[in-house]
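Please find the structures below.
The same chain A turns up in both complexes below, where it pairs with chain B and then with chain C.
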Partner chain A sequence: MAHPSQLGFQDAASPVMEELLHFHDHALMIVFLISTLVLYIIVAMVSTKLTNKYILDSQEIEIIWTVLPAVILILIALPSLRILYLMDEINDPHLTIKAMGHQWYWSYEYTDYEDLGFDSYMIPTQDLAPGQFRLLEADHRMVVPVESPIRILISAEDVLHSWAVPALGIKMDAVPGRLNQTAFITSRPGVFYGQCSEICGANHSFMPIVVEAVPLEHFESWSSLMLEDA
Partner chain B sequence: MSLAKPVMRGLLGKRLRFHLPIAFALSLVAAAGFKYMVTEPRKQAYAEFYKNYDAVKEFNTMREAGIFESVRPSGE
Partner chain C sequence: MIMAGEEEDRQKGFRMLGILDVKTPCAREAVLHGAGGAVVSGLIHFLTTSRVRRSFDVGFAGFMLTTLGSWWYCRTGRARLLVQQRVLQDGLKNKVAFEGTSRDPGTKTPRDPGQLGPPETMNTRDPQSP
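Coming up: the complex of A and B.
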């Protein structure tokens, strides 16, 4: 989850998020390269009285400052497109979960084998136990088996919402009448938090997402227990 | 005594020929600095973390700490 005075991304908990982290580093390196160049030139320009009023054109510099930016753009585009297609791969998921956005909670349906469905409301601040996170905890978490490819189908029952979990590198709009599909694998067990990412009314900031990744046997025990309670 | 005629032309060009290579070199140094001080250490950190990562041990530690809701600590 996020922590105070955080500047960068949350630690990656999925291979896709690791790739996104490295791509961001690559793009930021190019940003620093260009910014340093421009800053130096600005300082050099303002700290001189020398001017040349009679320059009309210069083919050489025009070629340089056309070709160089084109090369830089290609250096950014190639890894970007690689990640874009990587994120689109859905390789034989072990489980399909439906996440439905409502005003103002999420509901999850695990219908591959049995009919398991539950709502996930934010735990109000006054009901938090010691150690729980304000505005991030939910009463029922979306439990998934760790290191298993999961397909998630996202939609909404009323207005636009967006299902986002930064540590997993996922953000997908929940659109009424539309099923959006994405997939993820959790690299390690743990609890990963997210928040609704599309303005959806008064309690838009108060419908968090909590994903809990546990080993398969514990996931199976949990789903059996949830089915009994239902 | 006669003085040498001062240079009166090409002053801006001379300044640019001096400063532009420094500008490009500095920007490449900044990019290389970021790459080797941030990007590569981050990649190494992730590789090191997962090289000897024991998911079962970490899961049990987290479980005993009580952070999961689907799995309670073994004492409960």
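Coming up: the complex of A and C.
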């Protein structure tokens, strides 16, 4: 989860998010160098005593400042497009989960084998146990097996919502009447937090998403337990 | 993904403008190499030409090129190591999963790819026979 006053991304918990982090570092370094160059040119222009009122054109510098930005854009666009298509790949998922947005909670359905479904409400601040995170904890987590490709189908029952988990690099709109699909693999076990990312009413800020990645045997025992309780 | 030996490097970021902690891998080394390249190239140019402003320009160009070069070299090396790490992890996982079966990558005896049991030449002869 995010720590207080964090500016950067959270640590990646999926291969796609790792790629996004690497691309961000790449683009940020280019942006940093361009900004430094612009700052240097500004200082040089302001501090020079040289003035020339008679230059009308200069082919060399025109070529440089046309070709160089094009090259820089290509250097940014190629990795960006690669990741864009990588994010659309869905390779033989082991499990399909439906996430439905409601005002103001999420519900999850695991219907591959048995009919397992449950709602996930935010734990109110006054009911938090010591060590739990304010506005992020939910009473029922979406549990998934670690290192397994998971397909998630996202929709909504009433208004627009958005299912987002930054550590997994996922954000997908939940649109009523539409089924959006995305997939992810969790690289490591853990608990990953997210929040609804589309304004949906008074309690938009109070419908968090909690994904818990566990080893397969723990997932099996969790799902058996949930089916018994249902 | 944290690579082996990288946990100490993750602590070694640098502070930009006094408030921003930059912990991007390879960033600190790239900026330091760039600063070194700037000083060296600017100094050499000044010592040979005695032109101050142009030496600053050359030093800045040296900074840009050295930073970019160091950054790309470090990142491509890191990406290569990450790929190797992933391949090793998959190999270890496969070894654990298939150990003792015909798909064990450690056994040298040729086997039918569809056969999961041990190959016929290993410990399958009749103990009664000489």
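The definition used in the following text is that the second predicted complex is superposed on the first by the 229 of 230 C-alpha atoms of A that agree within 3 Å, B and C clash if a C-alpha of one lies under 4 Å from a C-alpha of the other, contacts with A are read in each partner's own complex, and residues count from 1 in each chain.
Simple rule for what comes next: a contact is a pair of C-beta atoms (placed from the backbone, for glycine too) under 8 Å apart; a residue touches a chain by one contact, two chains touch by 3 or more.
Just so you know, these numbers come straight off a predicted model, no measurement behind them.
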**OP:** Record, for the superposition on chain A, whether partners chain B and chain C clash or fit.
**Re:** clash
**OP:** Go through the superposed model and pick first if A:Trp222 touches only chain B, second if only chain C, both, or neither.
**Re:** first
Original post:
More residues of chain A in touch with chain C or with chain B?
Top reply: B
Original post:
In the superposed arrangement, which partner chain does A:Pro124 touch: chain B (first), chain C (second), both, or neither?
Top reply: neither
Original post:
What is the contact status of A:Asn52 with respect to chain B (first) and chain C (second): first, second, both, or neither?
Top reply: first
**OP:** Would you check which partner chain A:Gly190 touches, where first means chain B only, second means chain C only, and both and neither mean what they say?
**Re:** first
**OP:** Have a look at where A:His22 lands relative to chain B and chain C in the superposition and call it first, second, both or neither.
**Re:** both
**OP:** Could you look at A:Glu212 and tell me whether it touches chain B, chain C, both or neither (first, second, both, neither)?
**Re:** first
Original post:
In the superposed arrangement, does A:Leu37 touch chain B (first), chain C (second), both or neither?
Top reply: both
Subject >> Contacts of A:Val143 with chain B and chain C, given as first, second, both or neither >> reply: first
Subject >> Partner chain in contact with A:Pro176 - chain B first, chain C second, else both or neither >> reply: neither
Original post:
Which parts of chain A are in contact with chain B and also with chain C?
Top reply: 12, 18, 22, 25-26, 28-29, 33, 36-37, 40, 44, 48, 187
Subject >> chain A-touching residues of chain B, taken from the complex the two chains share >> reply: 11-13, 15, 19-20, 22-24, 26-28, 30-31, 34-35, 38-39, 42-43, 46, 50, 53, 55-56, 58-59, 62, 67-71
Subject >> chain C residues touching chain A - in the complex, by the definition given at the top >> reply: 1, 20, 23-27, 30, 53, 56-57, 60, 63-64, 67-68, 71, 75, 79
Original post:
Once bound in the complex, which stretches of chain A touch chain B?
Top reply: 12, 18, 21-22, 25-26, 28-30, 32-34, 36-37, 40-41, 44, 48, 50-52, 141, 143, 146-147, 187-191, 212, 214-215, 218-219, 221-222
Original post:
For chain A, which residues count as touching chain C in their complex?
Top reply: 7-8, 12, 18, 22, 25-26, 28-29, 33, 36-37, 40, 44, 48, 187
